[in-house]
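Structure incoming, see below.
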Amino acid sequence: EYYGVYGGTYIPEVLKSSIDELKENFYRYAEDKKFNEEYKNLLKTFVGRPTPLYYAENLTKKIGGAKIFFKLEGLANTGAHKINNSLGQALLAKKIGKKRIIAETGAGQHGVATAAVCAKLNLECEIFMGEVDIKRQRPNVFIMEQFGAKIHSVTNGTKTLKDAVNEALRYWTKRSFDTHYLIGSALGPAPYPQMVKFFQSIIGKEVKEQLRSENINKPDYMIACVGGGSNAIGFFSEYINDESVKLIGVEAGGKGIESNEHASKISGNGTVGIVQGYKSKFLQNNDGQILSTHSISAGLDYAGIGPELVYLNEIKRINFVNEKDDEVIKTFNFVTKNEGIVPALESTHAISYALKLASNLNKNKNIIVNISGIGNKDIFITAKLLDKTNWINFLKREVEENG
Amino acid sequence: EYYGVYGGTYIPEVLKSSIDELKENFYRYAEDKKFNEEYKNLLKTFVGRPTPLYYAENLTKKIGGAKIFFKLEGLANTGAHKINNSLGQALLAKKIGKKRIIAETGAGQHGVATAAVCAKLNLECEIFMGEVDIKRQRPNVFIMEQFGAKIHSVTNGTKTLKDAVNEALRYWTKRSFDTHYLIGSALGPAPYPQMVKFFQSIIGKEVKEQLRSENINKPDYMIACVGGGSNAIGFFSEYINDESVKLIGVEAGGKGIESNEHASKISGNGTVGIVQGYKSKFLQNNDGQILSTHSISAGLDYAGIGPELVYLNEIKRINFVNEKDDEVIKTFNFVTKNEGIVPALESTHAISYALKLASNLNKNKNIIVNISGIGNKDIFITAKLLDKTNWINFLKREVEENG
Amino acid sequence: MDKKFLMTHLVCGYPNLKKTKDIIEAMNDGGAKYIEVQIPFSDPIADGPLIEDASKDAINNQITVKKCLDFISSLDEKLRKKIIIVTYANIIFKYGIENFVSKLSKLKLYGILIPDLLPEYDEGLSNFCNKYKIHNILIISKNTNLNRIKYLNKKGNGFFYVTARNGITGEKTIFNLETLNWLKKIKDIIIKPIALGFGINSKDQILKIKEFTDIVVVGSHFIKIINENKNCKKIYEVIRKETEKLVNFL
Amino acid sequence: MDKKFLMTHLVCGYPNLKKTKDIIEAMNDGGAKYIEVQIPFSDPIADGPLIEDASKDAINNQITVKKCLDFISSLDEKLRKKIIIVTYANIIFKYGIENFVSKLSKLKLYGILIPDLLPEYDEGLSNFCNKYKIHNILIISKNTNLNRIKYLNKKGNGFFYVTARNGITGEKTIFNLETLNWLKKIKDIIIKPIALGFGINSKDQILKIKEFTDIVVVGSHFIKIINENKNCKKIYEVIRKETEKLVNFL
């Protein structure tokens, strides 16, 4: 349950029995052949796996260094890697006999993935989302509602992701007997970090197999963006024990570390704490109060990070860097124009660093970047930044013609 | 070049040599092993094929008749089947030595797919789009521009799709020596219907293979929506010669055939004509003037239809029906809630009919529905209809905070 | 050098049938040898915005194929003999191609020009034209290679419409040496007269090209003048004077 | 039947430190046996909206851990001995758990209650509490099974806080027969006194439960009263009277 000193199970007594039940069931089903077959079959037919491993030939040539590959998680159903975990946990919850799934969501991707899976598996679904996020992320809220999910507007605290987590935990303390709390990142009390990694490790497994069919022995570098870190830990999973593969996590540099408007826990100024059930690094003040964070990408905009990543950084297995909002937007432009792929802003952080790295490496090296999601979801951010007049005029027209 | 009396090459003299060149090259490359390998590799790594064949178990159980399967084309890169054809034609154009791709687009899906492919293949890309459509479909315009495409606003005629086709044809008459016109549906002058079918037939081929691994000998029914008909003809392709497989095309019933606000050429009141380069059925008046059409789904909102489909209907190989806007919206609700999949409004026409059909069939029958695209693109239509107040308030907020 | 002729162009029903009558008579009186009367079609892929917009206006003003033909039948026979009907495949297909050609024949019109019907896919048009003695005007474009020109030469039964550049109607054409040499080659192959068109509107152009052609086509230029004068009561005078002016350059 | 005691609750620094002083003295003077002083934390997962909002207010008003501890050290020793510090793991972890416990010891406080530190994962809290003679209040919830209650019984060194239902602070609890039977079972196992809390605010409730517990906890109810009287100059009187009233039900 611990990675070095990180991880653990820091929960109220009222949740102890549910967490114990979950632990026991997770470790049992993780070994269960039938469960794994059912999971894999749904990954194939419902999620659309395997997602491609794609050679970004144009970027490689323009940069003129290492070969750059993308793992295109954004082609999964609901547009991101999140569904790997949502599907796995929901299936597990169904096996245990739970009737209802609750989940927190910030930007909405985890909520959308979870709502989709619940529709598929005939589970009730309630999503906790900060009031501020609900207002900002209406397209995702709409999709969740279409999937039949009930949205709880969280009006406590800062009314964003961390408060949605708190509220989901509180709700869980009341209903854990028939309800599974489906955490969306590799964090929270054990067994969540282990469980989320388990379900996201499909990404790394596919990479390994796909590299084999490209006749590449192994990656030289693997790069993933890190908010909570579920895409990163799943993507890295197969290679953590192979030290010849360099692993790099890219955090949200926001407006720069010195500005304190960022979400970089490891490469920035996070410190060790125990929050929301787990011990890890958090952006917090000297008293231990959690700070508000900033990132252009809603999916990275969170004060905590998965405990295993912190540990793997501490033992120097994963290196962490960060990329700033403005660099990310530049990279977004560059990638869409040259590859015909729209990366999520989250994933664009990883690409942004990969491009810098590639230019300093020999052509016989290869870099694999996890494109954790597709960027169409970000249009209300990117269009506003890159095409403001047309976009605002379009929205005005929509309002005028239908208001 | 003809299917019965339909098809042909009805073009101005100025295009004759380009069409001849294209015909010759298409038939040559269609047989070329290296070309096909390159195409298939890109389908795998860039498009994300194969797309899943998915058993819609919940719908099947609720309906209580035939088994319903979905072919999930919406999980392809850029969210629809359109890219199969865009990729194939662009690759062909590149082989022929063209430097530039032009394409028409209505709702924008074909434009987005074509722009993506051009970014990938380093081809210049110019997209013709009606002024009215540009205003309505800003999200797709934004994505195309991100891919580096130049958008031509078409201000002639009704300023919508058919005028974009006209304008693209006109532009092509000037620049055909270095420019390929990438038509997005299985229509236009030969060899376009043949070529688009060829590139879209990957859908049918995959279905055949996927059924085999499900131990299903063949489909009993195949259902696809039909605007121009490229998803339908590609999806049906493997089974056209097997008359035991019933093929059904579902057209846009709009507000009902009797209202004359629809886009149903075969099941509605289309008549034979020669327009935009091909002989087929069109919605037109007694003089042969093309009528404006209506559908809730922009992708079906076109007055023409592929000539092969008309022929296959005439010889009673494909049956055509239509579904109305309001039925489609009901089905959209039903499918999202029960399957965790968001079908494009186009494809929802096909599902809508499939549900009716399934209920009258025995449980040992199976129906495969082509889900030609994912419905997230329709949010500006669906959210307005299904969640108007929240949606308009959201847009207002976006305008106010950024205007 | 032989006498050269002018062919003019108008869209039937634009701005309305009454003015169409003024215009066609003005062209006739001004000395045009041939007059292209375009029956409007909703999707004219070979035309530029001027002709498309005029067509759209006419259709919106309830012009129909029948009204066009009735209008033409109301004209003097002498004038009718100058008329070449220009329209798109779908219009005559919907009408019935044989019916349409026979109708033109009854009206004693000169010919027909359908830009989207190539001889290989013409739905019997050339046969019907032969049968009913209507000239079927074929187009030769700058993309048409010599072999194909020879082929077309055999197919056409009227003069040939040579488009002096790629693209559509209504855009300016520059006649450089290469184009003029190309025109010479065509004249060597084509036995029938040729009409040279696309973007001709100035004295300079006409003087440059008249030795290479039998007929000079001025199309969109007239649409533009009609457009500018559509509310003018003296449209007859304007068009007649312009026609006379152009004829005088020949 | 033994004498029963009241434990009250307040958030340190809410609405401000001056009023906190009035409130804590009022509770003391009103007859509370124990007073929970909650050091605010930004993300209190075991608390309902009342305590969370009070915590947020206090933090926004620049309350810090140091200010809380300084405030407590300014109180009379007799009062301090009644105090149980309630806060979350991160606050004491950041401070240093041993330092924190030793500080409480120096201040002669009664105990500490950290809802998100279970004995199995308590970062040494119980050891430090034993070392520095501070009572470590453990929680028993309705989900805690009998085996675990036996385990906790061995781990705690102060009284046990029994939450009378699932969920979080501040919601009303209904004491039915099943709950009362459950409480009896707990009393059979737990040697140390128990404090029963979560949603207690009425005479009825208190009369119903007092035979099953040693200490009755009234928490969110006080936060609500403080909230309603936060601008009232007579907050001391209000709180003291409420405390006296509740004590009299016991």
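Observations, loosely collected:
Residue numbering begins at 1 within each chain, and the chains themselves are lettered A, B, C and D in the order written.
Simple rule for what comes next: a residue touches a chain if its C-beta (ideal position, glycine included) is under 8 Å from a C-beta of that chain, and two chains touch if they have at least 3 such contacts.
A quick note: this is a predicted structure, and the numbers were derived from the prediction, not measured.
Contacts with subunit B and subunit D are shared by A.
Per-chain CA centroids place subunit A at a distance of 37 Å from subunit D.
Averaged C-alpha coordinates give centres for subunit A and subunit B that are 33 Å from one another. The distance from the centre of subunit A to the centre of subunit C, each centre being the mean of the chain's C-alpha atoms, comes to 65 Å. Among the residues of subunit B, none is found touching two or more other chains. Across the assembly, chains come into contact as A-B, A-D, B-C. Partner subunit A is touched in their complex by these residues of subunit B: 44-48, 51-55, 58, 72, 75-77, 79, 115-120, 122, 135, 138-139, 141-143, 145-148, 332-333, 336-342, 376, 379-380, 382-384, 386-388, 390-392, 394-399, 402-403.
Of all residues in subunit D, only 41-46, 48-49, 52-53, 56, 59, 64-65, 88-91, 93-95, 115-118, 120-121, 123, 138-145, 148, 163, 166-168 touch subunit A in the complex they form. Those residues of subunit B that touch subunit C in the complex are listed here as 8-18, 156-157, 162-163, 165-166, 169-170, 173-177, 271-277, 279, 282, 284, 286-290.
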